[in-house]
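Some structures to go through are shown next.
Below, subunit A partners subunit B and then partners subunit C, in two separate complexes.
Presenting the complex of A and B:
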């Protein structure tokens, strides 16, 4: 189990670096799909199958399709940049160093006495059996009922984004002369 | 730096590395599509950060097996709501010796994934619009065009 996890983590890191170095946008998008799929595999090992399914379907599927269709409208090649990569590298190294310094205080991975496992009172996992009339998946119970308003808000965000995309991409047929003006 | 610390914290370090790779793509590249790819990588690393925190050693996915659920229903038919233990009653002591990983991060990240794809779609639509208007998706060329217009 550990060997598989470490292989996935090594591949994840390698894929991310490859995406950063790549000039060909089409290949970079494909590698982003691979990256999403690998992170979905790691989520499955981390006992979160629901998130893994969603990440594989949405991250590796829908996001890739959306980006490829954008690429079809905009052009494939990334122009070689003249900027020096030194300043971004410095910023990233300093930020990463600060974040890693911050993790030294964090509760350890997988420890049952981590604060996240004690608060809020985890008995809601047991109660969900009664409250949801025997629904076996606790994640579904929380998503659809205990945190139902959150999911309603999420749906609102998706609706708003959909309307905004339609408004942005709509072609105005009634005023063709506006298309010509700068 | 002890070996215990490395074993207990390596998940955060992987996440920080992935996060910084995404951040580098966002700030070092001028192509707008490449920036969106960087943001996606950054976003996925945040999902991984939350999911790794929900994991318990020796745990399983928070889906209650039918056998356990049946036994539980027959054991406490009426007073099921009285079964909440004292505060600090951890997940791993309940449910007939079965250890469940924490379901709460999963729920939060499910919401975040869907919201993330919505914002990505919006950003890509804006890029298509920018390309129609300026004829390029390179950030510095767009700034140049803006300056001389």
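Presenting the complex of A and C:
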């Protein structure tokens, strides 16, 4: 199982480097699709099927289609940069090093004495059984009942973002020269 | 016995994934890349099924189904874009 995770992580790194080096944007979008599939599989191996579900649906499905429709409005090629890549490389290296340093303090994966398993205390789970009024599981109860307003706000943000994207991508009917023949 | 078989299968699938990824990186034409990507998606579905049987859980198979659907949608979108240069007259939602 660990070997599969390592192999997937190696493939992820290879894909990421390829995306960064790619000048053909069409192929780069294709590789971001591969990247989402791989990271979703990795999350699945880490036992987080709900996150993997979202990543597969949003990252591999909707994001690919949205980026392609953006590409239909812009060009297919990326201009070669003339600036030196040294400063961005330095920033990325320092940020990556800081993130890795941050993980050193984290508790071991699956450790039963993790803070996340002790706080909020287990009575949270027991109480939600009574509070959830027939909802099938605790995650749904927390998302839809305890955090109802929070979820409503999130959904509003997502709806607004969706409307904005559709407005940007929409073809203007009053300018027929913008329409392309099918 | 079963574990050995599943391990061998997963190694074979991972090798195929690597080869498909290399083809997608090198691929001179668009269609090499599309074929490689499609194959990569299929292999991901297979890998998830193998992992599912290795860990003895049943709920990953649904995800494998979702992956194959997503792979199909992404492929259709890519090919339509390649063919028309846009998504045609329909609005994209």
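Please note the rule applied: the second predicted complex is superposed on the first by the 144 of 182 C-alpha atoms of A that agree within 3 Å, B and C clash if a C-alpha of one lies under 4 Å from a C-alpha of the other, contacts with A are read in each partner's own complex, and residues count from 1 in each chain.
By definition in this document, a residue touches a chain if its C-beta (ideal position, glycine included) is under 8 Å from a C-beta of that chain, and two chains touch if they have at least 3 such contacts.
A quick note: this is a predicted structure, and the numbers were derived from the prediction, not measured.
Overlay on subunit A: subunit B and subunit C fit together in the combined arrangement. When the shared chain is aligned, subunit C comes close enough to touch A:60, but subunit B does not. Of the two partner chains placed by superposition, only subunit B is touched by A:147; subunit C is not.
By the touch criterion defined above, A:164 reaches subunit B but does not reach subunit C. Look at A:49: by the touch rule set out above, it reaches both subunit B and subunit C. In the superposed model, A:7 makes contact with subunit C only, not with subunit B. When the two complexes are overlaid, the chain among subunit B and subunit C that reaches more residues of subunit A is B.
In the superposition on chain A, A:39 contacts subunit B only, with no contact to subunit C. In the superposed model, A:71 makes contact with both subunit B and subunit C.
After the two structures are overlaid on chain A, the closest C-alpha atoms of subunit B and subunit C sit 8 Å apart. The intersection of subunit A residues touching subunit B with those touching subunit C, taken from the two complexes, comprises 29, 49, 66, 71, 169, 182. Contacts from subunit A toward subunit C in the complex involve residues 1, 3-4, 7, 11, 14-15, 18, 26-27, 29-31, 33-34, 37-38, 40-41, 44-45, 49, 52-53, 56-57, 60-61, 64-66, 68-69, 71-72, 166, 169-171, 179-180, 182.
Residue ranges of subunit C in contact with subunit A, taken from their complex: 10-11, 14, 17-18, 21, 24-25, 30, 33-34, 37, 40-41, 44, 47-48, 51, 54-55, 59-60, 63, 66-67, 70-71, 73-74, 77-78, 81-82, 84-89, 91-93. By the touch criterion given at the top, residues 9, 12-13, 16-17, 19-20, 25, 28-29, 32, 35-36, 39, 42-43, 46-51, 54-55, 58-59, 62-63, 66-67, 70-71, 73-75, 78-79, 81, 83, 85, 88-89, 91-93, 95-96, 99-100, 103-104, 106-114, 116-118, 121-123, 125-127, 129-130, 134, 136-139, 142-143, 147, 150-151, 154, 157-158, 160-162, 164-165, 168-169, 182 of subunit A touch subunit B in their complex. Subunit B contributes residues 4-5, 7-14, 16-25, 27-31, 33-34, 36-38, 40-41, 44-45, 47-48, 51-57, 59-66, 69, 72-73, 80-81, 83-85, 87-92, 94-95, 99-107, 109-111, 113-122, 124-129, 131, 137-138, 149 to its touches with subunit A in the complex.
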